[in-house]
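Order as written gives the chain letters A, B, C and D; numbering starts at 1 within each chain.
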Amino acid sequence: MPAADLLLVLVVLADFMVLGTSRLTTCIRAIALQGLMLGALPIALTQHWSLHIVGLAVGSTVVKSLVLPWFLRRAIREAAVRREVEPSIGFTLSLVLGIAAVAIAFGVSQRLPLPAGVSELLVPVALATVIMGFLTLTTRSKAVTQVVGYLMLENGIYLFGLTSTDRVPFLVEIGVLLDVFVAVFIMGIVVFHINREFDSLSSIRLTELRD
Amino acid sequence: MIAWTAIPALLLVLVVAPLLPGIATKTKSWLTGRRGPPVLQLYFDLGKLWRKRSTYSRTTTWMFRLAPLALLVTSVGAACLLPLDGRSALLGFRGDFIAFASLLAVGRFALVLAGLDTGSSFEGMGASRDATFATFAEPALFLGFVTLFLISGNLSLTGMLGVGAGLLSAWIGGGGHAAPALALITISLFLVLLAETSRVPVDDPATHLELTMIHEVIVLDHSGPDLACILYSSAVKLAVLGALVVGVLVPRTALPAPLTGLVFTGGLVLVAVAIGIVESVMARLRLSRVPQFLVAAAVLSTLGALLVLVR
Amino acid sequence: MTLFFLGLGLILAGGAFAWLLQRTRIADSVFALLVSLGCAAALIPAAGVLGGRTVAGVAWDLGPPTGIWAFDIDALSALFVAVVLGVGLAAVLYGISYLAPEREHRSVGGTHFLTALFLVAMALVVTARATIPFLIAWELMALSAYLLVVFEDEQREVRRAGLIYLAATHIGTLALVAMFALWGTHAGGFTFDAFSRSALPAGAGAAVLSLALLGFGFKAGLVPLHFWLPGAHAAAPSHISALMSGVMIKTGIYGLLRVISLIGGAPPWWSWTVLALGALSGVLGVLWALAQHDLKRLLAYHSIENIGIILLGVGTGALGIAYGRPALALLGFAGAVLHTANHAVFKSLLFMGAGTVFRATGTRAMDRLGGLARHMPLTWILFLIGSVAIVGLPPLNGFVSEWLVFLGMLQAGAALGPVRAAVLGAGVLALIGGLALACFAKVGGVVFLGEPRSESAAKGREAGPGYIAPMAALALACVAIGLLAPPAVRIALEVAATVAGAAGPARQDVIAPLTAAASGITVVSGGLVVLIGLAWAWRRMLERRRPSAWTETWACGYNGVAGRMQYTAASYAAPLLAAFARLSGIRVARAPGAFHTHPFDLVLERLVLPTWRRMAGTAEAIRPLQQGRLQTYLLYIVGVLLALLLYLWLGGAA
Amino acid sequence: MLLLALVLLPALGALGAYLHRAEARRTAWLVAVAAIHLALVTLVWTTPPPAVFSGWIAVDALGLIVLTLTSLLFFVAAIYTVGYLRRESPRGGRAFVSCVLAFLASVSLVALSHHFAVLWIALEASTLAVAPLIFHRRDRRSLEAVWKYLVISSVAIALALLGTFFLSTAQANSAGTPLLLEDLVADAARLHPAWLKAAFILLLVGYGTKMGLAPMHTWKPDTYGEAPSVVGALMAGALTSAAFLGLARINEVTTAAGISAFTRPLLLFFGLFSIVVAAAFVIGQTDVKRLLAYSSVEHMGLLAVGLGLGGVGAYGATLHIVTNGLTKGLLFLVLGNVILVAGTTQAGAMHGLAKRLPISGGLLLLGLFAVTGSPPSGVFISEFAILRAAFAEGHVWVGVVLLILLVVIFLGLATTILKIVHGTPERREPRESGWLVLGPIGLAAGVILLGIYIPAPLQSALRQAAAALGGVAP
C-alpha cells in the first residue's frame, strides 16, 4: 500500500508540474512521468496478480509514458514552439486553483460511498487530476498544452477506473486505451498542422469560426 | 306581403314630393325677409327640363346615362317599402328596412359612379364628398331602425311604423324609456334626412360655388330629362325620409283613414318647414366637420337603442 | 364519397398532365377538361347533400400514429366543397388564359399542377374528419398557396410577401396542431367523432377555442391576424388571388364553424370575442381598403372586411348557442355561411377582373388607370356586378347574405339578457356597408370611368373569351343567388342547422318564415332590375325623339378633361380617411404643389415587424456565446458539469 | 454471426479501400460495401439473429432503428459520394473512403452494443473516424474546426467514460455481468442510487455533447460548417442518433431503477435549452451549413424533450430519430449540391436555386418544410407525438414553450433558405447529375411516407423501443 500512496502523490505532483511550468517540454515530461506512475499503479494496488493486471500495466506504460510523449514532442519539434504563453489566469493562480482542486477532491471523496478494498487516496487523486486536467484545458491556449490537459483528464478517469479493475474486463480496458491512443495520435497530427499553418510566434487563437 | 291599399298614399307622396323643397325654400326666404321663388318652382323646373334634350360629354359612358334612372327607380322603390298611410307598406317583409336603406344606397352608388364618369375633378370631388357623408349617415339610419325594432319587436317597416308597432303607446309612456328613445331617434333621423338630401348644415342647395357644393356638383354635367330625373328623385327621397320621420313622430294607426292622409301631408309639410327653419338659422358646416355631425346623429340613435335595451 | 375522391383524382391528374405535357399544345385543353370533369364529379355528392340526401362517410385505419383517416360530407362540408370546387373551376379556367402569356418565361405547367393540388387540398380540408388528414390537407393547402404566391419570385416584393404569408400560416398551423393535440389528449382519440363525443373540461375547452380562434383566425385573416393577407393576395397571380381570397381564407371560417359544432357551442366570452373581432375586421378592413392605391391590395383588404362580416354572423350564431336561443344561432350561422359562399363568388370575380385589367394595361396602380370602360366594356360590366355584389346592394347576392346577418343581429335584440347587446352590431355593419360603397365607387370610377390616366391605361383592350367566360359564370352566380333568394336562404339555414345542432320543429319554425321573407328580396331585386330596364328602354325611346348632343365635359369652364387632371383614388378617399385620423393607416407626404399618401399596414409595420426586429436583436445579443474560443466552450462543459453535480448534491442525492 | 458481420464488413472494407489506389474503384467499393451492409440490415429485420459475446453485442428494437437509419443514410451517402467525388476531387481521397467506412463500422457497433463500455468504445471510435473527414479540405478553417471538434468531443467522451465507471461502481452490490444493459435493467432496484445519478449526469454531459445539446453544442456549427456535405449528412443523421442512443440506453437503466423523477427534469431542461439556443442562433444565420447545425441542435433538443416527457413522448422521440435522420440527410446532401455550384456556404451569395437547379431547389424547399415539422412530413408526426406527451403528461408549459420556439426556428430557417430558393439565378446549370439527386429524392420520399403511413415492422419496433424507454405507443 505505501508504494501505491507514494505513486499517487507523485501523480498529483506531476499535475502541479504541468500547471506550474511555462515550458512545453516540461509539460510533456510531466505527463510522461505521470504515465509511468499510472503504469506502475495497477501492480502496486493489486493483491492478487493476474495476466490482466500485468497487461494493463505494460500497456499503460508503453502508451502513456513512451509513445504519446514521444509523439507530442515530434509534433512540436518542427515548429519552434517551446514556451507556453502566460495562461489566461497566471501561473500562480493556476497553482492556487490546483491546490483548491485537491482540497475539493478530498472533500468530495469523503462523501462518496466506495466499494471496499480501495486505497483511500485513489479517488481524491483521480478527481484532483480530472479537475486539474480541466483547468489546463480551459486556461491554456497552446494546442499542445491542451492535449496535455486532455491526457491529464484521461489519466484521472483511468485512475478512477482502477477502483473497479477487477470488475471491468480486460478487453474493455484495452479498447479504452486504444481509443485514447488514437485520439492523441490524431490530435498530434492536428497540432502538427496547426503549428505549420499558423505563425508559431503569434499566440494561436483559432477563433475564426464564430457567430 | 303586398298591400295594395298602400297605393293611394304612395301616389300622394309621388305627387306632393316636388312641393317639399319649395316649401323649405319658401320658409327660409320668409324667415330671412325675402320673397323667394314660388312654392311650385320645382314643378316648373322639372317641366322645362323634361322638354329639353340632353347633352352628354364624350368622356361619359352608359353609366352616366343610367344613373338618373337608377336614382328614380330606387327612390320610388324605397317609397314602396314605407307604410306611408301609417298602416302598411306596398311591399313588406321581414328585414325590408334593410332593403329600404340598400335601395337608397344603390341610387347613390350609381350617382357617384356617374360623377366619376365625367372625368372632371369637380364631379370627382362631389362624388367623394357624397360618398363620405352617406357613409356616416348609414349607421345613424340603421340604429334608428334598430331602436324601432326594439320598441315594436317587428322586423319589417310595416311592423315598426304601421300596424302593430305600438308606437302610440310607446310615446305615451308604454314600455320603459321608449318615449325618450323615440324622441332621440326622431332627431337622429331628421339629421340623417338633412345629410341625405343635401341640406344645410351639410350642404347648401343654394350655393353657386362649385368648390363648396356636394350634391349639386355631382350632377353638374347632367342636363335635360336626366337632370329632371335627378331633381325629382331627390325630392322623392326627401319626401320618403320625411315620411319616415313623420311615421315615427306621428303614429296614425288609430286615426280613421281619410284623416291619416291629411295628417301625413301636414307632417311632411312641417318637416319641410323645419328644414327651412334650420337653413335660415344655421350656416353650412365646414366639410371636415360634417362627419362629426353625422356621428352625433349616430350617437343619438345609439343612445335611443340603449335606452330601450336596458329596460 | 367514391365519386368525390374520383373527382379529386381527376383534378390532380389534370394538374399532372398540365405539368408533364407542358411543352405540347394539348396541355391546356387536357388540363381544362380533366379539371372540369373532376370538379363536376366531386360536386355531385356535395350538391346531393345540399339537396337533402346523405352521403356515407369513409374511414381507413392506417394504424398509429397517424391513426384513422376519416372523410365525410355533411351539409356544412357540402357547402364549402361547392364553394371550393365551383369557384375553383372558374379560377382554374381563368388561370389557363391568364398564365398563357407567361409561358415563355417560366414553367406554367408546374403552376397549374400546384393550382390543382391547392384545390384538392382545400376540398380535403373541408371533408376531413380526423386530425392527421385534416392537418395534412391544411398544410398542403397552405404550402401550395405559398408556392403559388411566389410565382414571380424574381421580384423582391413578392418574396417578402411570400415570406410573411408563410410565417403567418405556419404560426396558425402550429396553433391548430396544439389545439388538436390538446383536444385529442382530453377526448382520448383524434377523430372528429371522438371530439364530438367527449366533453372537455372548462379549462381545456377554453384553450381549444382560443387556439382555434388563433389558428383559423390567421387563415381567415381577421384583424389583427390579417397582416399577411394583403401582400400575399397582391403578389400572387390573379387567379390565385381569387382562389386565396375567395376560397382559401374561408377554410378558416369552416374551421371555426366545425369546432363550434364539434364542441357543441362556445361559451359567451368566446362568442363575444368573435363578434368584436368581426366588427373590428369589418371596419378596419374596409377603411384600410379605402386607403389603397393598388387594385389588388385594395381587394385584399376587402376580404378582411368581408371576413369581418362573416365573423359577425359566426359570433351572433355562437351567442345564440351560448345563450340558448336556437333561432338566433340559425340566423347568425346562416348569414355567415351564405356570405362565405357569396364572398367567394364575387371576390373571385373581382380579382379576375383586376387580373384582366392588369393583363390589359400592365399595371395595378389605380392612379395610372382610368377610362377602361370604353375599350373593355365586358370586363367593366362584370367588375361592376362584382362591385355591387360586394357592397351588399340589391339585386345581387351580397345583399341576401348581409340581410341575413343583419337579421341575425337584430334577432339577438329580441332576446332577453346580455345577448341583446349584440343588436348594436347592426350599426357597425351599416358603417361597413357605407364604407364599402364609398370604396367600390372609387374603384369603379377611378379604374374604369373617366379618362385614362396613363399611356398604358389608354392601350387597354378587351380580353378574350378565356378571361371573360369564367368571370361571366361567376357574375351569373351573383345574379342568380341575388334573384333566387329563397332557395339560397333555405340552404344556408339548413347548413346552419348542422352547425348549431338544431333539429326538428324548432328548426322548421325558423326556416319557413325566413324563406318566405326572402321572397320579398326577390320582389325588390327583380323589381329593381325590371324597372330600371323599363326606364332605360323608355329613356332611349325618348332620346330617339329628341336626339342628345355630344360635347366635352363641362368641368366648370375648363376646356375638357385631361387624364391627369381627374380626381385620383387618393384624393377621393381623403375626406373619409381624414375622419378616421391615425386609424386609417396612411402616411401623408405634403410638399408645395404635391400631395402623396402612402398606405401602410398598421399591424404589420407597427407591431409585427418591430416585434420581429426586436427578437432578431435579442438573438444578435446572445451571439457572443459562440465566440470562437475553445477554452470558453470547454468552460461551458465544466460549468454544466458543476451545476449538475450541485443539483445532485443539493436535491437529487437524497 | 450476422451481427458481427455488420461491424466487421465495413471495418474490413475500410482497410480494403485504403489498398485501392484508383479512385473509381474506391468509390465502387464504397457503394458495394454500403449496399451489402444495407442488405444485411434487411436480413436482421426478417430474421432477428441471436446475441453474441454473451449478450454484449445484440440487437433490440431501439438499436435496430438506429442501425437501419445509419445503414440507409450511409447507402444514400455512398451513392452521393460517387457524384460528389467526381465534382470535387479531394486530396487524400484514399483516407476519405476508409474513414467513412470506419465510421459506419463504429456506428453499427454503437447500435448493436448492449454493454456500456463497448458502447463507449464504439462512440469514441466514431468520433475519431469522423475527425479526418472534417479536415478533408485541409485549410485553416477546417483545421480549426477539426481541432475544436476533437478536443470538445474527446473531453466529453472522457466524461462519459467516467460516467461509465460510476455506473459500474453503482453496480457493485448487484448481481449480473458488470455494465451489461440487460443485467443492469433486470437488477436495477439494487443499483446504488447516488452513483447511478452521478453516472447519469456524466453520461448526460458526455453523450449530450456528442449529440449536441446546448450548451455543449459549440463544436457543431464549426464542424458541420467545415465538413463536406456528405460527412455533415452522416454526422447529423447517424452520429447524433448514435449518441442519442447512448443517452437512451442509460435512460433505460434509470427508468428501470425508478429515478425518473431525477432524470426527466434534466432531460427536459437540456432539451428546451437546446431549442432556445437553436432558435437564437438560427435567426439571421447566413451560413447555410451552420444553419443546419443549429437545426440539428434543435432536433437533438426535441429528442431529449421527448425522452424527458415519457409516455407518448418516448415513442415520439424514437420516431424522431428516424424522421430527423432522414430529413437531415436530405438537407445536407441537397445543400451540398447548392454549395458545389455556388462555391460558398453563404446564403447571400446563392439565389434562384429553384431555377438554377430545379430538382435540388424543389428538394431543398421540401426539406425546409419537412425539417420544420410541416405535415405531411414524418417530422410532423414525431413532433406531434412529443407535443401530445407534453399535454398528456401534464407539462403544458413545455408544450407552449416548444410551440413558440418552433415558430421562431421556422422563421429563421425559412428566411435564409427561401432566400436561396427564390430569386433570379446568375446562370443556369446543365442537367443535374443523377448521382447527386437520386439519394435526396429517396430520402424525401421516405420522410413523406413516414408522415402518412408507418410500415408495420417499423411500427412494432417503435412500440417496443418506446416501451423500453418507459413510454407507450399512441
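By our rule, a residue touches a chain if its C-beta (ideal position, glycine included) is under 8 Å from a C-beta of that chain, and two chains touch if they have at least 3 such contacts.
Owing to the predicted nature of the structure, the values given are computational and were not obtained by experimental measurement.
Novice: Can you give the shortest number of steps from subunit A to subunit B, where adjacent chains in the path must touch?
Specialist: Tracing touching chains, the least step count from subunit A to subunit B comes to 2.
Novice: Hide subunit C: connected chain groups?
Specialist: Excluding subunit C but keeping the rest fixed, the chains that touch end up grouped as A, D | B.
Novice: Which interface, named by its two chains, has the most contact pairs?
Specialist: Looking at every pair of chains, the most contacts join B-C.
Novice: Which chain's mean C-alpha position is the greatest distance from subunit B's?
Specialist: A
Novice: Approximately how many whole Å separate the CA-defined centres of subunit A and subunit C?
Specialist: 69
Novice: Counting only Cα atoms for the centres, state how far subunit A is from subunit D in Å.
Specialist: Distance between chain centres: 31 Å.
Novice: Suppose each chain is reduced to the average of its Cα coordinates; what separation in Å results between subunit B and subunit D?
Specialist: So the centroids are 76 Å from each other.
Novice: Between subunit C and subunit D, what distance separates the C-alpha centroids? Give it in angstrom.
Specialist: 42
Novice: Enumerate the residues of subunit D that touch no fewer than two other chains.
Specialist: Touching at least two other chains: 147-148, 151, 155, 159, 194, 221, 281.
Novice: Could you say which residues in subunit B touch two or more other chains, in rising order?
Specialist: none
Novice: Give the residues of subunit C touching no fewer than two other chains, as numbers and ranges.
Specialist: Where subunit C meets two or more other chains at a single residue, that happens at 623, 626, 630, 634.
Novice: Please list, in label order, each pair of chains that touches.
Specialist: A-C, A-D, B-C, C-D
Novice: Mind listing the subunit A positions that touch subunit D in their complex?
Specialist: Result: residues 112-115, 130, 134, 137, 143, 146, 150, 153-154, 157, 160-161, 163-164, 167-169, 172, 175-176, 179, 182-183, 186-187, 190, 193-194, 197-198, 206-209, 211 of subunit A touch subunit D.
Novice: Going by the contact rule set out above, which residues of subunit D touch subunit A in the complex?
Specialist: Touch residues, subunit D against subunit A: 117-118, 120-121, 124-125, 127-128, 131-132, 135, 138, 140-141, 143-148, 150-151, 154-155, 158-159, 161-162, 165, 168-169, 171-172, 178-179, 192, 194-195, 221-222, 225-226, 281, 285, 290.
Novice: Provide the residue numbers of subunit D that touch subunit C in the complex, in ascending order.
Specialist: 147-148, 151-152, 155-156, 159, 194, 197-198, 201-202, 204-205, 209, 215-216, 218-219, 221, 262, 266, 277, 279-281, 283-284, 315, 319, 352, 354-355, 365, 369, 372, 374-376, 380-381, 384-385, 387-388, 390-392, 399-400, 403, 406-408, 410-412, 414-415, 418-419, 421-424, 451-454, 456, 459, 473-474
Novice: Which residues of subunit C touch subunit B in the complex?
Specialist: Interface residues on the subunit C side: 370-371, 373-374, 388, 391-394, 399, 402-403, 406-407, 410, 413-414, 420-421, 423-424, 426-431, 433-435, 437-438, 440-442, 444-446, 449-451, 513-514, 516-517, 519-521, 523-524, 527-528, 531-532, 535-536, 539, 542-543, 546-556, 558, 561, 563, 565-567, 571-576, 578-579.
Novice: Which positions of subunit B touch subunit C when the two form their complex?
Specialist: 1-2, 52-61, 63, 65-66, 69-70, 72-74, 76-77, 81, 91-96, 98-99, 101-103, 105-106, 108-109, 112-113, 115-125, 127-129, 131-132, 134-139, 141-143, 145-146, 149-150, 153, 155, 210, 220-221, 224-225, 287-288, 291, 298, 301-302, 305-306, 309
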